[in-house]
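Below: a set of structures, written as structure tokens.
Two complexes are shown next, each including subunit A; its partner changes from subunit B in the first to subunit C in the second.
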Partner chain A sequence: MFYRLSGVHHANYVSDSRIFKVPADRNLAVFVLLFGLAAPFIVPSLYLNSYMLPWLIWTAAALGLNLVTGWAGQLHLGYAAVMAVGAYASIHAARFGIPWEFALIIGGLASSVIGSLFAFAALRVKGLYLALTTLAMQFVMDWVLTHSPAITGGSHASLQSPTLALLGQDITSDTGYYYVAFGWCVLVTIFMLNLKRTGLGRALVAVREKDFAAAILGVNSFYYKILAFATSSFIAGVSGALLVATFFFLAAPEQFSVAVSIQVLAMVIVGGLGSIIGSYMGVALILLVPGIVNGLVSGSSQSLGMQINVETLAHIPNAVYGALIVIILLIEPLGLGKLYGNIRDYLMVWPFDQLRK
Partner chain B sequence: MTDKRETKSHADDGAILACSGIERRFGGIVAVTGVDFVIHPKEIFGLVGPNGSGKTTLTNAITGFYPPNVGTVRLAGNDITGTAPHKVAKLGVARTFQNLALFNGMSVLDNILLGRHIHMNPGVLRTALYWWAAQREEIENRKVVEEVIEFLQLESIRHEMVDGLPIGLKKRVELARALVAEPQMLILDEPMAGMNQEEKGYMSRFILDARAERGVSVLLIEHHMDVIIGICDRMLALNYGEMIASGIPREVVKDPRVIEAYVGGAHD
Partner chain C sequence: MDWIFLSELAINGALTGLLYSLFAIGLVLIYKASSVPNLAQAGLTMVGAYVVLALARDLGLPLWLAIPIGAVLMFGLGFGIERVALRRLAGRPVVMILMMTLGLDIFLRGTTLAIWGGTSRSMELGVSYEPLFLGDIFLSRIHVVGAAVAIALFVAFMLFFRTRTGIKLRAIADDYMASWSVGISVERGVGLSWALASVVAMAAGVIWGEIQGVDQALSLLLLKGLTVAVLGGLDSILGAVVAGILLGIIENVGADFLDPIVGGGSRELIVAAVLILTVMIRPHGLFGRHDIERV
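Entry: the complex of A and B
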């Protein structure tokens, strides 16, 4: 219906390797991009900064984890620790007087170095063993952060982030923070979209699917696993730094605890491994649904005049949110991205849905 | 027992692939021992033997998955014994697998494009700056891939996922992926397993054409003797990891030891 393939003919390889081959996809992407640009003027600033901004930054972070877990197939349970490295490295660099542009890159590179250490574990072990190894490294990182006053100020302290300034401009307004987050998320998304059509992306999938077959094609799986970890860690580091600089304003170890690692992994899995639009949806579900359900439950109980005690009220959103995740993964194990894809494929031939897809 | 064996390097002159004294053991089991053979440029060389006779082990010894315990492998005169598989690939050896090794979850086109990996130079920055740094390379390699797609008549399925294809087509896609690497030496491990007579005919034609048009040398592992006799220039028969006969196919298949290995001897 909306997505039509009829009349779309690619006459050369450049056009056949476009990111969006179906006009409807391209139009949708342009619309979303324009909405993102116009959001500060449309969306009330409360929603802009407490919902859209964290959504965008967490999406960038989730895309980074998707690179290593969805593309290269390496289960990673220590992602928040890598984000923490980037956040603390950037803030310390900025406090030291280094311009924020470079501070962010320093944060990303510091994360890359630490994240590549995780990769060395990945080269020795696979699957569940790798998951456990990365989880152990998350705990090590937690311990290091809470026990190094020089980095974090100690276990219950938090570190003030200096005022964000990019291109010589101090960024202090809500709109400014939003655009920084938006810009970073767009950059990461473009990178991931390009990954789908380049040799690097193909090599990562080859390593994930069959490493022996990858080897006989000349793909050095050792190298590509490290590259996947390093790249995803860079994205994690910058995302962590931006999260503190534009949203939390204070860095504290518990912002990057093991629970956060699992939450990011949940975002990626619920969204769909290897799906870019899925990561957007997964983050929205994990990050925003608890708040929405909470509002709905308390709102409806008030309007119905029901007396629900506070504890029940606190637990209902969690239960609904947990049930939602289970239901989604039961309906479509490949996540929300695949659900969206199914609908798109259905509409592609609608009303001739008896046609072979 | 000594592990040193005489290597016959004087016979390797001009050979694409020369194996001498190959032995591979797994624990106490000797999977392959004392195998010597030479493949000349543009030759189709058959390798036969009953199940478990060491054909695939020999292939794995050549391509570096299980390096030989004894013996040497030379590719165009260079010693490649024990080189890691991804380096062997870069040196110009491509292979297909007995039980298929396509990447599920990728299209036919992406699978074949992966065959061009050794001719490409992928990287993180190049991916980020696709339009300036990667597009030209991608398009150039796509052109090479399309030539092979046309050659193997895969045009109609290039955008389909490989998971859903019938086995005959999967084998053809795998051959395409090996051919786009433009190898000197192509190793085909049972490319016709599970195929009917017609599909076998197609595949044999593709292999002959690949040699004629692209000048590859082929090491062909097969159970179908008609194919071996039909398209191979020379062949080698293995049994229990040892060479039992080698030479021109018509003569080798008449060798009493080959007949015994395949259909069993008379019990009297």
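Entry: the complex of A and C
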């Protein structure tokens, strides 16, 4: 009734390999894309730059982590460290006078190299032990960043990012920053959408499901694991660089601490492993909802005339953030993407086919 | 090399290490029973310290009463967390369980700080700050007390695992399917292990709170506790104790050598390096079972 389909049924290979199996999903994507393009003219610039822009960049980063965790099935708790490598590499390159286009690519490649080091852990262990190793590597990276003045200027120092300029245009306006973030996010999304119908994507899924079964099928799991880590690290590096260039304007080691790694992983898992629309929703939930709840609490306490301790208010977002992770995992362990799919599938056949369940 | 200085470093390291073991025993208890890596242990430690502090300070109870009441509350909390959050995720991939414990950790820390505030408070156990002398070696009293608590808990658990309930827990750790089929309530066993781990977390919280003050820095113990647990083997309590002593010595002596070279703060680096090397060379740790999955 709500959809013109009555379920997803494929009659030929072309329909099976479509990016959007349900036309309504495609329409939704086109609508979101148009909204994203028009956003600077609709959304007030405060919301544009403090909510939409970080949302888009973190989505790009979360999609990168989704590639290695959701598609290739390798746990990664050191993602922020890889983002830091990209951010610092491109800012140093840009400060050196290299044009930003190349500086971003240099950042991405530097991240790829360091990120592939994480892959060597993945070649030896998996699951929990991989998570612990990458966590330890994150701590090592934190330590290196705070103890090497040549890169970061020391533990409490920050590094100014030079003015962003792409294709010969200096980008200084809010709208300009927004479009840069939007363009990067769209690029990563298109890449990820197409990934699942390429040989690479199928190989990664094979490695995730059973690596020795993949090996029997002739998929070199060694090669594909390193490839997955390198690709996701490239995305991480460019996202980290853009985050600093368009949002923070200053790079400091604390922006890429272990808590950030956990946050990105939370975004991916709350969104749903291997789900692209889920990544968008997961990032929105983790990034924006704690702040909104905090605003609601402080607003309602003021209107009710209650005094809430400043310290309490400062820690409510953290408690909400943790509670969100727990609640989403309890409701649907496969995340918001799966929840969206469930609702869509339910509505697709509504009001028929309800008695069978 | 000054041997007295070196042995002072080693002994103090071992005492600090036993305090890490105190933290790691909680991790091991839960991992043994349910193969859940409990990254929320740091959050539980913080909650434990704050609960005891709230009972002692805000309600004005004496410490000898506040600690047992705190233990009962933590026992209930651990049971509740397992019942509400972890039981429904049983059998799910490890990534979701890891995320659940991370989420719990963030939630527990955020709630604790929202209720009691983030300013550091002291535990005031009444242990004097006068150093203890062992020949020419200085020892900190509270570290000795903490190490004694760790060893006492270790002995208590060794004895506990010989009781009827303890044998049930060991059976669950061995093979939960088989335990189920002979009528052992696996759910209750796993819940009990969470409850015990929460009580251990409270003990760790009280001791560490006395040493470094009760604030959110208590959650920084996670990396060290994890390293101790992995080095000892995630399912061995004896391993946690031995590995704690080992890590404490390596950390203290190593930091003394490395700090002048790299300019301070090398403890974290040493701990992280020990964790990485353990996982790379011997993932099942010193005393763990060998069935760890390798690629």
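We adopt the following convention: the second predicted complex is superposed on the first by the 329 of 357 C-alpha atoms of A that agree within 3 Å, B and C clash if a C-alpha of one lies under 4 Å from a C-alpha of the other, contacts with A are read in each partner's own complex, and residues count from 1 in each chain.
Note that a contact is a pair of C-beta atoms (placed from the backbone, for glycine too) under 8 Å apart; a residue touches a chain by one contact, two chains touch by 3 or more.
These figures come from a predicted structure and were not determined experimentally.
In this overlay on subunit A, subunit B fits alongside subunit C without clashing. In the superposed model, A:Asn318 makes contact with subunit C only, not with subunit B. Contact with subunit C, but none with subunit B, is seen for A:Ile269 once the two complexes are overlaid on the shared chain.
When subunit B and subunit C are set side by side, the one touching more residues of subunit A is C.
After overlaying the two complexes on the shared chain, residue contacts for A:Ala121 are found with subunit C alone; subunit B is out of touch.
In the superposition on chain A, A:His147 makes contact with subunit C only, not with subunit B. Closest C-alpha contact of subunit B with subunit C, superposed model: 13 Å.
Annotation: subunit A has no residue touching subunit B in one complex and subunit C in the other. The residues of subunit A lying in touch with subunit B in their complex are 13-14, 17, 190-191, 194-195, 197-203, 205-206, 209-210, 212-221, 227, 231, 274.
Chain contact summary for the complex, subunit C toward subunit A: residues 37, 84-85, 88-89, 92, 94-96, 98-100, 102-111, 113-115, 117-119, 223, 226-227, 230, 262-263, 265, 268-269, 271-273, 275-276, 279-280, 283, 292-295. Per the touch definition, subunit B reaches subunit A in the complex via residues 63, 65, 84-90, 94-95, 97, 101-106, 110, 113-118, 120-124, 126-128, 130, 134-135, 137-139, 141-143, 146, 177, 181. The touching residues of subunit A, counted against subunit C in their complex, run 69, 75, 121-129, 131-133, 135-137, 139-140, 142-143, 146-147, 211, 262, 265-266, 269, 273, 309, 311-312, 314-326, 329-330, 333.
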